[in-house]
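The following pair of complexes shares a single chain, subunit A, combined with subunit B in the former and subunit C in the latter.
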Partner chain A sequence: MAAQGATATRSGLRSALPLLAPAYLWLTVAIFLPLSAMVFFSFMTELSLSGKPWAFTLGNYAAFFSQSLYLTLLLASLRLGLEVTLWCIVIGYPAAYVLAKVLKGRSREAIFLLVILPFWSNGLVRIFSWAMVLREGGILDTALNAVLPFKINIDLMYSYPAVIIGLVHSYVPYMVLTCYLTLQAIDDSLIEAGRSLGATRLQVLKRIIIPLSMPGLVAGAALIFVPVVGSFMEPRILGGRTGTFYGTVIEDQFVAVFNWPLGAALSFILLAVVLVILAVASPVLRRAA
Partner chain B sequence: MRIPRLTILLTATAVFTSALTLAASAAEVHVLNWKGYGADEPWAIAAFEKATGNKVVNDFFNSEQEMLTKLRTNPGLYDVVMINAAFNDQAMAEKLIQPIDVSKLSNYADISPDKAGSPMLDHDGKVYGVPWVWGLTALAINEKSFDKPPPSIAVMWDAAHKGRVVIRDDAVEAVQFGAIATGQNINDIKDMEAVKAKLTSLMPQIKTFWSSENDWNQMVASNQIDIGTYWSGSADRAKTHFKLPVSLVIPQEGAVAWLDAFSIPVGSKNVEGAEAFINYMIDPTFYVEWVTKVGAPVSANTKAVAALPEDAFNRKVMGDPEVAKRIQFQAPITDAQREAYLALWQQLKVDVK
Partner chain C sequence: MAGVQVSNVSRSFGAHKALDDVSIDFADGGFYALLGPSGSGKTTLLRQIAGFDFPDSGRIAIGGESVERVPVEKRRIGMVFQNYALFPNMSVADNVAFGLSVRGEPKATTATEVQRALDLVQLSKLGGRRPHQLSGGQRQRVALARAIVTKPRVLLLDEPLGALDKALRVDMQIELKRIQREIGITTIFVTHDQEEALTMSDRIGILRDGRLVQEGPPEEIYDRPQSEFAATFLGDANIFRGDATGDGIRLSDGTAIAAGAGAKLTAGARASCAVRPERIQISTGAGRSDAGGANVLNGQVSKRIFAGSNSTYFVDRDGQTLKVIIQNTGAERLAEGQDVVLRWSPESTVLIAAV
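Moving on, here comes the complex of A and B:
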């Protein structure tokens, strides 16, 4: 029996191999190799494309701990990640609920299209269009002053809120999509059963809908949190004076001073911190689910 | 039936593509430069292509480091590269650029001797860079915010302009700007603490850090800023080409001067075309047209500057001996200095958050 089972698995694997090979080949070439090269770089004293001598060192990792600057920025970036994720949940989850449970047919398709639409435009274009909206004398300022009876001055450009707005706009579709999938899978009869047994709407939400859609929420949060913590383009363009974050400092190391070893080391510290956060959070979230 | 047909199709495509590549690479000059900086002007490319039969292919960089990285990672791709003289040393030491036979450049003799003889470009009697243009990193003002140009750099710290001041997001430029504001030699900063203190007090004034000409011009066009550090050629371009209310100010404390030069990378496949292109770039005809149509820094070619109208900014102001006394030319910077400057700059940016 056991031998038969093993053969079955093996032949299953063999027939699956042609299907898996392209993806794994691609992952090896496009992700594993460059990433291993970066791990290697992060332990070098100097990146020697020009044949200068170099040695192995832990100094790049030590640099993170020797200056308070990097830790301050890492905390600021983590806070940014949390805030953006939170806003994405606040905005994205109700939208996903309406899409999954309230709207049907054509109107659902139309709203869905509107949610996905930002994905079809280039990220940089989206950020620059926010610049036109948010600045003093920009679209938002002009429009509000045209409608309101009193004069207000809106200049959100080059500020922390501008960074949040830009990032939430870029990432909210992820939350809508992941939550939509899990919300749609909830059997309507469960909700009806809860209601007929006397649960209030709030209780149904708390005891049935949120727990059952938790996997989507968690997946969405992870998909958003990780890239936002490392983001550099949005803070740089929208943040102005306040737009220095962990991601922008890593970018500077690669672009401004050609210190790839330090840039790589800083990136892996970020990766480690994010993995630890996800590892600590996952049992808690699983229990909640 | 199907397979042979596919093979034929694939072979035909391959042959066709390689034929195209061959034909294209015959006389291409690959140029690496800042975007919108002379070498990519369509009228100039058209004139050069018509005169020499070479096809110009432009590629761009956003920082000197990016330019060096592109040279390091693409050996043999580029034929001409524009390098700030302060980086020429490093590029030569890394064997990224080769000596240039200046006897092939008919315009080289007209380059002003102090630029052509610059120790930053000539090594062991060989020329590694042909001086092209020079200019200043000075201040530029939004003319709507000032009745008359401010004489001193101190205006950047003036509370009246709080939140309407910009500075480039570049550690070296920022530190050298701080050196000028504290009356020091930009190439030999003795009192770094003074520079740090001066820049720390500047940070609350700042609206944002600009990184490209486009950033600067957009902010002036929407009247968001009053004053900021800017490049002389860019200020000229903003006024001439984009019709913006921008004018350059050379403060009494001085300004940072830089010299841009053309080099030929090691492994260039079309050295002859590269020489022809560099010669065209330092030609007075090209320069006058560039200044008139677009706006440009000051040519290193004396005949080219002399061909400008007498009251032209690049001839009158930039050629003024009084200005020459105030400006300081950038010398090469070591990697260690650059990293120290970046650390200082990042600390300043974090402290102001």
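Moving on, here comes the complex of A and C:
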């Protein structure tokens, strides 16, 4: 089967080339070249833009291991990625289920639009509007105090929960979309077959629907986890002083400290860690799926 | 195991009456076919019995116990779906075991029961396969094994053979019938294939536009249809329309057709007669007497279709085309355009009240 597929690919490759070429050319120019430059930078002692002398070094990578701060921040970022992914599953999966299996026609389209709306708004605008909602005397605080009989102070701004809220809001559409696609592909007769065999709705969910939608959950989790671990905008704006994560440190190296070689090295360490995590997780997840 | 009583069940979807006051009694251990064209309500009725949908009014009882408001998972039914609906994430054995394991049966009993069910459908060695590695006929058998392993009170089949090719379908018909006899389970199966309904079932219910048109053993419905629809939907029939004369009808040209079977109608009422194409004898008319009280009509062969063991003649007569099926015994063949005489006995003629 696999060999057959390989021959088919080889013979089809020549005719497929004109179709593949634009995408790969673009990827080469837009991603591979800058990335190669970054790899190069990460081994330099000094960025030679100003004409200063420079040499090759492993020092930038060594810095990560010599200062425990970087490891602490990396672990904090991984934890952040894990928590945001979990919240996205908790919030996104039921929404995807309702979209795929409960709603039909017009109402489905309307709800679908609401789900993907965050995609169409500017990221920075999104984050600053959360800032207005979450700060003391902000929209949430005022609204709750207007409704509740007693006085409470809601000031989530510049806190870990604020970072989580902002990130979950940004990334939950990925989970909804990937899960929606796999859930929609599940034939309703499978659910009916399960129930006709005496399974309760919960048993049908656990034994048929979740296993069959696992590919969507995994894809959504990967799409969310990876960028969240390296995120810097939400932590910086919504987290304030508490929002120092691995991603913000990398950003600092590029825009504030201007130590590109160290920033590049830290980025590649992050990339390596994420790839290792995905490699370790994928057989487990594939078995589950 | 138990019988199923459907009493005065109605179900509407918006303005559309999918089921309109349907009552059928499915006796314990019988094999029933629900037959009808698409949109006749046969699948809706099956889904009411299964419990996927509840009737607006009426009563459904399984084994004497009212179930019309009981959800499907509590009805203890077995169902085979048109597309089989095997769980693609499980092996064949796990598919079959599903009903037992959600019920919390011990592993050991489950394994024996699953093996017994797979033996019954002759798939003993395929328990470890995945559904996508099976052929259509094998999937069908797995679906059947999965439905009966829980010892349901009723087995419901929704066009179970519709997705199989002709040869396999005939095999599966025989197989399905064998298994049904072996476990003696009340079986209700939905089909739009009249041949399937005739060959497999003990009784047939014909549905049309949400109503039960006729119900009874296949022979009875075939020989004594009570409506033109029943006569033409189950098998072929030549229909004559005219005025009732007491023991037959008179056509508009004055020809009398005697009917020995069917409804008793008062003279003068609008009525029809139905005759099966294979009951009519066709001849050139030469050297025959008209004795014996047989119905006799003259006509002209307009077309002949040879189908191996038999031939179908289309005979034009007074603006009507009649169909006659003759076994190919090697005797004379009639040419197109030839004048012929058609004869059939009154006993083969069914009188039907006009609707």
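In the analysis below, the second predicted complex is superposed on the first by the 278 of 289 C-alpha atoms of A that agree within 3 Å, B and C clash if a C-alpha of one lies under 4 Å from a C-alpha of the other, contacts with A are read in each partner's own complex, and residues count from 1 in each chain.
Here is the rule we use: a contact is a pair of C-beta atoms (placed from the backbone, for glycine too) under 8 Å apart; a residue touches a chain by one contact, two chains touch by 3 or more.
Note that the structure is a prediction, hence the values are computed from the model and not measured.
By the touch criterion defined above, A:Leu25 reaches neither subunit B nor subunit C. By the document's definition of touching, of the two partners only subunit B reaches A:Arg135; subunit C does not. In the superposition on chain A, A:Thr72 contacts subunit B only, with no contact to subunit C.
After overlaying the two complexes on the shared chain, residue contacts for A:Val257 are found with subunit B alone; subunit C is out of touch. When the two complexes are overlaid on their common chain A, residue A:Leu212 makes contact with subunit C while staying clear of subunit B. In the superposed model, A:Gln203 makes contact with subunit C only, not with subunit B.
Looking at the shared chain after the overlay, A:Ala110 reaches neither subunit B nor subunit C. Applying the stated contact rule after C-alpha superposition, one finds that A:Ser189 touches subunit C and leaves subunit B untouched.
In the superposition on chain A, contact of A:Arg241 is made with subunit B only, not with subunit C.
Taking subunit A as the reference chain, the count of touched residues is higher for B when subunit B and subunit C are set side by side. Residues of subunit A that lie in the contact sets of both subunit B and subunit C are absent, per the superposition on chain A. Listed in rising order, the residues of subunit B touching subunit A in the complex are 62-63, 65-66, 68-69, 72-73, 93-96, 169-171, 203, 206-209, 211, 218, 222-224, 335, 338-339, 342-343, 346-347, 349-350, 352-353. Note for the complex: subunit A touches subunit B at residues 49-50, 67, 69, 72-73, 76, 131, 135-138, 157-158, 236, 240-244, 249, 252, 255-259. Chain contact summary for the complex, subunit C toward subunit A: residues 50, 52, 71-74, 76-79, 81-83, 85-89, 98-99, 102-103, 146-147, 150. For subunit A in complex with subunit C, the touching residues are 187, 189-190, 192-200, 203, 207-208, 211-212.
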